[in-house]
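Here subunit A shows up in two complexes: once beside subunit B, once beside subunit C.
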Partner chain A sequence: MADFNVTTRGVGPVRVIDLKGYLDAHTAPELEQEFNKLIDHNDYKVVVNFDELKYISSAGLGVFMAYVETMRENKGDIKFSNMQDDVFNIFDLLGFPVLYEFFKDEKEAIEKFNQKEKS
Partner chain B sequence: MIPNNQKIINELVVKSTTDNLATIRKFIRENTSSSCVDEDAISKIILAVDEACTNIIKHAYKYSPEGEITIKLQSDNKKIIIKIIDEGKNFNPELIPEPDLKRLQKEHKGGGLGMFLMKKLMDKVEYSNISHNRNQVLLVKYLI
Partner chain C sequence: MLSLNNNAALRNLSALVDFSNLINSNLELEFTLNNLLLTCFGKFHTSKGLIALANVNDELIVKAYKGITPQVLKNFPHSTLNAIENNNELKNFLVQNNLLLSHPIEASGKKIGFLFLGRRLIGKDYDYEDVEFIKTLVNIAASAIENSIGVERLKNVNRDLDQKVNQLSSLFDLSKEFSSILEIERVGKLLMYSIIGQLLVTKFAVVTCEDGEFKFIENRFPSDQLALALSDCRKDNFTKPVYGDELLKEFPSFNSLGIEMIVPMQIKSETKGLIILGKKTTRNNYSKSDIEYISSVGSLAIISIENGRLFKETIEKQRLEKDLEIAQNIQKNLLPNKFPQLKNFEISAANYSARQVGGDYYDIVPLDKSRTLVAIADVSGKGVQAALLMANLQAFLQSICKQNIELSQASNLINDLVSENTTDGSFITFFWGILNDENKSFKYVNMGHNPPLLISEGKISKLKLGGMILGVMPTVIPYKSESVQLKKGDRIIFYTDGITEAMNKDGLEYSEERLEKLCLMHELSGSKDTLDLILKDVKEHADGAAQSDDITAMVIKVN
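Coming up: the complex of A and B.
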């Protein structure tokens, strides 16, 4: 019944996770699996594209909290892009903007990783 | 427009599984959109009920799929009242501290956000034990 889909693609050294539909306690394990796969492949630079995500509950937000330190400890990060206002408001309510970077466009988030690599 | 004194009560009973969260959200949407509630308030109520039910599935029933969750929604033109009843293990979320994101992150933990979110989204969140084995979460959203 739950309408959710998660796919990952590579853009240079960065992995972009595309989220679609409804991310709740039922579907969050699918996102956890995707992060586990990335870690298995030593992929730590991650942009999450929220363009087609319609809904998120705290179970979904918790996934990012559980994995971000592993990414950062390995010179990577989880950056967010293309978030709709109502989804961003939930992140904002919980204080995420202080600890995570949000970008309007996926390209900007990828570029931020690339800039860091050059410097 | 609902007259002042008219109360509409709807009820949903589901088993305590996470795949029912979508059914629960649909029930709340269908039964709030007929009231004069704006989309922003509906979204907040849906998320708060999702969080309350997720907590029940996780903490009261410890993911056992055999438990029952009853959701009663009552509305008039001033407020929406939702009562969520379970027969699982009693837990007191009032004791859950406000989440420290930085600390949770360092500990690679992602839990403990739901209760905080519910309090931010609703005007009233009250947990109580209504009989020896039934717990109730009361959620209220004022529309004015």
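Coming up: the complex of A and C.
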């Protein structure tokens, strides 16, 4: 069975989710749980760091779709960072760049949240 | 003058070389077209230009423009490549926008589009040389344009292919996962994630159709309204994906909920569920390939959902079986497990339920040193409901036995008690009697039961006296009892209709006559032998046909 790991850390008011390994139909429920926890704690500003994610399937992508509206309704968002090219290609293929912000580096994504906070 | 001309020619030539190098260095269509326009602008001092290329249907589509506002461009008339000469709308558009020059773009001997240029700002018209120069430029550009178009098509094909590959890998991923899960909720969730991830929809529902009813597995539409819209439909309304005009026309109530697509989930072309989808958040319409994907995921999911349902049913059935097994044990314990040893009577009995639990009952209860009560009963109906009433009867009988009441009075009482507990027309045929071990007498009351056979000296008499069947209504006419004097060698055969109505494969019943004949033939047998004889004969008659009713028999032999 392919490995998958999801952990969350706080950077100021932003939560960063680190994904590792293979996010597919089998492992998608783990990510779902992580999002549920964030919502329970009223954490709506989320950056997902894909640095160590090797593969993502539609079921994995679906989790982001399922939670993005909740985050945005609560003045937050889900932003993506540190994505490897082949993973980004899947997002791109399915039209995600129209709906989500992608950043080269996690810091830029966090900065974007903080800027908004100040303005 | 000559040198001036030479200089101009040289400039032209070097411009052409530059242009050729430039546009062949890049395969982007936009880059090529922009450079063609800019080169023309620089050379002829014009500030307006547009390039329209034919699409696969030969319609002219503007691919590049400069010096023209997008608003103006909106009015670019529809025209096919070949109709351009006779298209007045197009001519008007060109005149209005001062696009004086039109030049065809040809590649591989085929017209592929047009270059339109505005008037020259220096006031001069385009002369012969200019047109020749444009011709050369366009010729150089044409092959680059053709290459770019080819590359662009290839990119599109590649993207389509990538999308297919992606859909396939998603299907593969899901089929792997679906085969290992049986919880319907989890299947629904994964199905939903895959669809919204693949198609970027946020409004959707997954429903199953069971026994003509729709059940939500996942739903992001207003539940009440969706349920209302579905209540007007039967599952047979959905045999193929419904969308677009058909959805609008056939199912307006769905359309008003923002539903754009309904795809049935089928097993062996029977609709077992629906995937209901709203608009894609990218605002694109659903493509053919999207619909194929949804149908495929749906088919995978519904098999998994169906398996889950069957699994649940099996578990539930097993639980019921287990319950019945326990009930069976309890019921067995309600029947006597050991028979009293009597001086003058030898008693044998047997009971076989058609199902795990049954409605037949017999009992043997010692009342005092000399008297023993025997009883046999058949509760109407079969299975659990009969078993419950049987247990009720057993409890009444056991407690009445403790009270030393005269038999016919006891009969009135037990009928009153049972009548209070019977509903829906259920009843019990019941027979009981008291054996006296001192004087070999037998006092009995028959309450609608098959009359036991008293066999004495080769003759059969039937123990019929009593009264109304047990449990139909409270006692109005008191039950009558009868006392018979028994002699050594007499036998009494008690049985339920499971014996006499046991059927063979042809539907022929065992019958009372055959039972009576059998009992007479073996007059000297003991009680156990007689019982075994009867059971064996019934079994032989049935000849493998399934036992449809509970069977009970009891034999008393007088010693």
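Following the convention adopted for this analysis, the second predicted complex is superposed on the first by the 119 of 119 C-alpha atoms of A that agree within 3 Å, B and C clash if a C-alpha of one lies under 4 Å from a C-alpha of the other, contacts with A are read in each partner's own complex, and residues count from 1 in each chain.
As a convention for this text, a contact is a pair of C-beta atoms (placed from the backbone, for glycine too) under 8 Å apart; a residue touches a chain by one contact, two chains touch by 3 or more.
Here the structure is a predicted model, which is why all the values come from computation and not from measurement.
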| item | value |
| --- | --- |
| Touched partner set for A:57, first subunit B, second subunit C, both or neither | both |
| Which of subunit B and subunit C A:11 touches, first, second, both or neither | neither |
| First (subunit B), second (subunit C), both or neither touched by A:70 | first |
| Subunit B versus subunit C as contact partner of A:96, first or second or both or neither | both |
| Touched partner set for A:39, first subunit B, second subunit C, both or neither | neither |
| Contacts on subunit A seen with subunit B and repeated with subunit C across the two complexes | 24-26, 57-59, 61-66, 69, 90, 93-96, 98-99 |
| Residues on subunit A engaged by subunit C in the complex (per definition of touch) | 24-26, 28-29, 32, 57-66, 69, 89-90, 93-96, 98-99 |
| Subunit B to subunit A touching residues, read off their complex | 18-19, 21-23, 25, 43, 47, 50-51, 54, 57-58, 99, 101-102, 104-106, 108-111, 113-114, 116-117, 120-121 |
| Interface residues, subunit A side, partner subunit B - complex | 1-3, 22, 24-26, 55, 57-59, 61-70, 86, 90, 93-96, 98-99 |
| Subunit C to subunit A touching residues, read off their complex | 159, 162-163, 166-167, 169-170, 173-174, 176-178, 186, 189-190, 192-202, 281-282, 284 |
